[in-house]
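In the two assemblies presented below, chain A is common to both, partnered first by chain B and then by chain C.
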Partner chain A sequence: MSLDDAMQTFIIECRELLESMEAALLSAEEAPASEEAINAIFRAAHTIKGSAGLFGLDHIVSFVHVAESVLDKVRNNEIPLDPPLVALMLQVCDHIGLLVSYLEQLKEPDNDLLEGSAILQAGLSIYLSDTPPPSASTLPVEHDAPYESEGGTPVETDNWHLSLRFNQDVLRNGMDPLSFIRYLGTLGKVVSIITLTDTLPPLDAMDPETCYLGFEISFSSNADKAEIESVFDFVREGSLIHILPPRSKISEYIELIQSMPADDMRLGELLIKCGTLTRQELEDGLASQREVESPDQAKPIGEVLIEQNVVQPVVVAAALDKQKAVKDVKTAEASLIRVDANKLDQLINLVGELIIASSGASLIAQKEALPHLLESTSTISRLVETIRDSALSLRMVPIGGTFSKFKRVVRDVSAELGKDIQLEISGEETELDKTVVEKIGDPLTHLVRNSMDHGIEPAEVRLARGKPVVGTLKLDAYHDSGNIIIEVSDDGGGLNKDKIFAKAVERGLIKPDQILSENEIYNLIFEPGFSTADAVSNLSGRGVGMDVVRRNIEALRGTVEIRSVLGEGATMRIRLPLTLAIIDGFLVEVGDSSYVVPLDMVIECIELPVTQAGHNAENDADFINLRGEVLPYLRLRKHFEITGEPPRRENVVVVQFGDRKMGIVVDQLMGELQTVIKPLGKVLNKIRGIGGFTILGNGRVALIVDVPSMMQEAEHAANAQISDAN
Partner chain B sequence: MSKTVMIVDDSTTLRQVVRLALEGAGYSVLEGADGKDALSKLTGQKVHLIVSDVNMPNMDGITFVKAVKQLPAYKFTPVIMLTTEAGESKKLEGQAAGAKAWVVKPFQPAQLLMAVSKLIMP
Partner chain C sequence: MTITVHINGAMGHVVIEGEMTIFEAAEYHAALLPPVTQCHTLELDLTNVTEIDTSGLQLLVSAKLRSQQTGSTLSITGHSETVQQVLDATDLAGFFGDQVVLTASE
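Showing the complex of A and B:
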């Protein structure tokens, strides 16, 4: 571990803290913030400042410091956390995020950045009007006045003199006087030291927890007085500590002697013994002192009382109980371990190899048909399956984190658009692969903005349509047959089919006489260069984005579909695979080639009715009647142009994707297997209908059927047939 | 045997940096994420010094120090409080609880190291 690692931790931690700060601020906007929430906001700022200070990041420290001071006032109920302040604090959050990202990119803070800091700082300092914001980077350091004194000649020594009478409680407070003196040794040289034991009571009366000792030290050092004084910072309370610089005037020594609660003559002797004073100096000093002061002004010995500092016995139990309630969630967080994502990927790759190896072993066992071998390979397979599931679950994270970011997006965008829009979130606990979660943020943002901008109507239109003035945007996530569905729905105007069609014709995306299904028309909005917004707004409507959305989602092996009811709202449904790496597959064969269909999509397998065998065989797509339902099917043999004669009996694998079904006609059904998806190389990855490949237990390669794209093919083929018929 | 310092703070970064600094100087380091967590880790092993933040979730530093001072095994363990320049009242409260030493946040690792070595040598 190095400081760089620590810096990484700092960046990650900052991001987390900012996220929770933002969440707390947003909740504070909706309802008056609880004490707990305000504390959380304050603590986030406080922690960021503290950690930044560790790295000497003064620009961050001084910026966060101001925000922290304002939050401190909020915490003490001096100022309310009203909407303008929340808005300001949100900006502060963003700015801290920016500061941190500069750090992450190893960029030096530039003028723009610092200017941003200054503007926000100015905004914040209004709240601090009575206390001007101190710059944290230049914390006041107390400097002692230069030592000038009158009376007497300088004493002939180059050494400091330290006179220490520790607080009697010093040991009880966990401090060892000796360690301070040892530390003093790091600043210079302890020339001589005299331990005073006069206050030490007889053994039977002695309390071993009490410190009875005093010290007189002659100390040679180049350190300044503040430095030497700071050594005793922690014990100053209740202790008598006198530090005389080298060449102090003799009168100062005399003052010292008189202020000590010991017999002054005896202390004088000690100073001589210590080598600080010569006998002559002492006598001269004492004599001159007596001339100046009347004796009754001398401080009586023992006048200085040592304050006892007793630790108050406190009942901790009450405090413990109070905090128990908050505990639950927080402890769960504390028991997390941070793992490098690369290590996880490596683990998953290895698990993939393990699966292939174990299915190889199973295959051999089946061939050899040795009962013992079969038994043990089946145990291994079962275990491997469990390992696979738990390894994959390591990568799973709830989507809630991504969703809650949209609270802010919706808030900001609705303010920008002047529309009143509320966000409803459900299904936050739905888990999906970390990679997917990371990559889904952008497309989701675009869909959300699009819904808010184009979907939800302005208030007056909503009123005219008899809808509630406040628009609603919903984010939902749930599992659906091996897929994760993420929905963005709004209660806005919905998509206007005719308008989209007209626009697409205008843009030359389609021909005016083309027959398109409702779905196909909606999907036109994902075509590059399509935009129906009459005025290009700041948010969306530039016609770039929706096609990028679809591309991003398809890169995750997902799809996006649109449901819309004109005047009532639209739903964008993103369908994503549960995981990107390993799936349960269904192995089929066509001729000599093996194919894998993702098992989650397989509903049933039937035999191709004899009436269909050979029927329309030159055409690769057709329909069958599946219990009264029209089921389009596609011959894999034709589709991939596999040579050779089909067997007498062909099989149909019925697959479902979304709410569409289709059949895939294959030669033979081989059964289920675990499949590690290997991506196709660059040259091959444009082939429609193939989503990747995998290596079978026997070492052969099988192609993984990409059901969604194959379905599109089948639909196109069907549409073409209809067009032909027309 | 090197002396053991326990650092209690809710910031992972801070703990990590403090650990680096202290281990570099020859101390052993124990970490506590908050008062409660730290208290649960004080189970008999020798801790020579505790460095604790004040403002923490679950159990704040003051409560933590008070609780530590109730444990016979740690009654005399010195405590350094990490306070803020704004938190003068907190400092006094901490001192009343038994934390006689303090370091003002934000600090540089060297500052903390200095405070630690005043109290215990590595």
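Showing the complex of A and C:
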């Protein structure tokens, strides 16, 4: 791993740690912080400091160190984690984030940044009024001996065993292994030490600045494992540091022996020399492990040893408990794999090609009408479908992560506005495509800020209206017919229809005599240059933003709509397609052209009543009676200006988007089709009513019908007609 | 830091004073290389070494290992307290075998 890669990992890790730190801080603000939360905050700071030290980022180390010292006091119950401290810590979080982004952009820390550090450090040092802890926060604190020997008299195995192989660059990074060993002396007593010179090259071949020495240490101490481990926090990266508690299971020693590059017996001998193991124990351990490995892998060596009374169960249990926490974290990490997003994209592209190829194969099978071929192609299609679903699900992430960021936004904005606003989050487990998640953050922030600024009234107004003083902002997400719906709702004043209308007329967006539906009036706030706020605040009201919000959402093939009840609140509903790559489609034909309607939107298909056939063909929009319901329909033939005579029998595909239904009249229904969405080129992507294209099994191109925009168009046309009639 | 090297045929005498740390490691390495490779008998005077870290220690260890392999003699004639402490802390006094704490084990 080159330094750049390592640095990238460091940056990513920092971001994640800061996120968890922020989340823990925010939860601490709401309810008294649990010990766990405080530990999480502390650990985050501690790890950042440690890793930063490894890269020689002194400005980060020194800054985080102060914060860590304060957190250590919190952890030791010396100072309470009260709201002012939480607020300060949040600023510290932000500042670390800033330091890290400087790093990411390869910018040298400038004066502003360092000044920011200094101010926060000054704020923090108030909490450290008495003498600050010497070096790290890991003071040699006396603890109750967790692994007290049963008999009381210390026996050899009551010592810790430390196996240290340092990163070769440890010296260059300004750290001296000897000082760690010296520091160990403050935690306990080094009973015996073996300095390993195996890897030391001859004098003329050695690089004097590379660290070659390793150590095996038998160590007697009352400190707990975490404390001993923390001694090596700064050198952990790239070093092999093994710490075995007193009376660890023999298997752990064996594991240690096997994990070391040196050959088994050499290290085994070292352990014996160190006095950690007796020769008998080592041999037994090695022997029983061989035994266990062959017949049954699953049985933990520890259990075997207990059965054989080699180690005492109590001791094993104690040791296990102590390490369980550490291990749990590691397991969670191990079950996740970080994958380059590009690789996933490539996979999904390939799956797309696979779908096209397999539909080509089934087409041939159908033509040839060979039963065996048909059977096998249908199996392949089914498998391809499964592969498609699992490939796409790889890209799916729960929206909860995005939502929880808003805790901070709401907290900060409500403080800025002087309003008391609480955030309610639901549906955070709803999954959607990662690209969508990334791109939805900004528009969502805008909507949230807008709701808080314009939607929720000041406390006095709320009181006068008989509402609870604390305003509520809700974020919700759920799936709805192949779409994901994200709602931002507030219990504020709602949108004032008349005011918006008047404003739009004033801005020249509409004519005073125009007739608009309620929805269309609300949608005016998304027009460029529209703002009804009487006062332009820091947050919103400048009239930029809402149009950008809509543009961003439309770029994701989504829509945004507003529900509002005057005096009771408003809901902004963002509707987004679940994925941007592959969908289930419904293939239809008009004349010689093929079209795909997203299957999730199709409700049913009916035959166009004969009374309507050919009738009114001049009209773009018309309606039929669908079981007593008025269903407006649109002729695709007319819409796309396809020449030729319509067949005698036409079909209607009934589609639904949101709560609106519409019929699309086509010549022929071809059936379901897995559709790989290919975006249209720059020249064509402005065409309304088409969302992209796909390649059919026979190599022909089918256009994907963009139902929402087609609906809009149909409505516009209808409204225009009404206006004309008026 | 200063390092004084006297080479008289197969005999060598090296006096090191000041700090033996990573900051000077490259210089030490360069300065120690000729006497260690040329001399059959080499004496190291570390009486006035004020500080020694891992880099200094491993240089000494490497030099000593070489002398053991080639059958030459490398002895430390004087230890400062710091050097002695480090040798104690790493249990290497026996390895060097000079009259500090233990008698020679070879």
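Note that in this section the second predicted complex is superposed on the first by the 524 of 726 C-alpha atoms of A that agree within 3 Å, B and C clash if a C-alpha of one lies under 4 Å from a C-alpha of the other, contacts with A are read in each partner's own complex, and residues count from 1 in each chain.
In the analysis below, a residue touches a chain if its C-beta (ideal position, glycine included) is under 8 Å from a C-beta of that chain, and two chains touch if they have at least 3 such contacts.
Please read all numbers here as calculations on a predicted model, not as lab measurements.
Judged by the touch definition given at the top, the superposed model places A:Leu203 against chain C, while chain B stays out of reach. By the touch criterion stated above, A:Ala31 is placed in contact with neither chain B nor chain C.
Once the two complexes are laid over each other on the shared chain, residue contacts for A:Arg182 go to chain B and to chain C alike.
Once chain A of one complex is fitted onto chain A of the other, the partner contacts of A:Tyr212 are limited to chain C, with no touch recorded for chain B. When the shared chain is aligned, chain B comes close enough to touch A:Leu54, but chain C does not.
When both complexes are overlaid on chain A, the residue A:Leu106 reaches neither chain B nor chain C. When the shared chain is aligned, chain B and chain C each come close enough to touch A:Leu171. If you count the residues of chain A touched by chain B and by chain C, you find the higher number for B. In the superposition on the C-alpha atoms of chain A, the part of chain A touched by chain B in one complex and by chain C in the other spans residues 171-172, 174, 176, 179, 182, 209. Considering their complex, residues 21-22, 25-26, 28-29, 32-33, 36-37, 53-55, 57-59, 61-63, 65-66, 86, 89-92, 95 of chain C touch chain A. On the side of chain A, the complex with chain C involves touching residues 170-172, 174, 176-179, 181-182, 185, 190, 192-195, 197, 200-204, 206, 208-209, 211-213, 215.
Taken in their complex, chain A has these residues touching chain B: 1-3, 5-6, 9-10, 13, 40, 42-43, 46-47, 49-56, 61, 68-69, 72, 134, 136, 139, 171-176, 179-180, 182-183, 186, 209, 231, 233-235, 237, 309, 311-314, 316, 319-320, 323, 326-327, 330-331, 334. Contact residues on chain B toward chain A in their complex (touch as defined above): 9-14, 16-20, 33-34, 36-37, 53, 55-59, 63, 66-67, 69-70, 75-79, 82, 84-86, 95-98, 100-102, 104-109, 115, 117-121.
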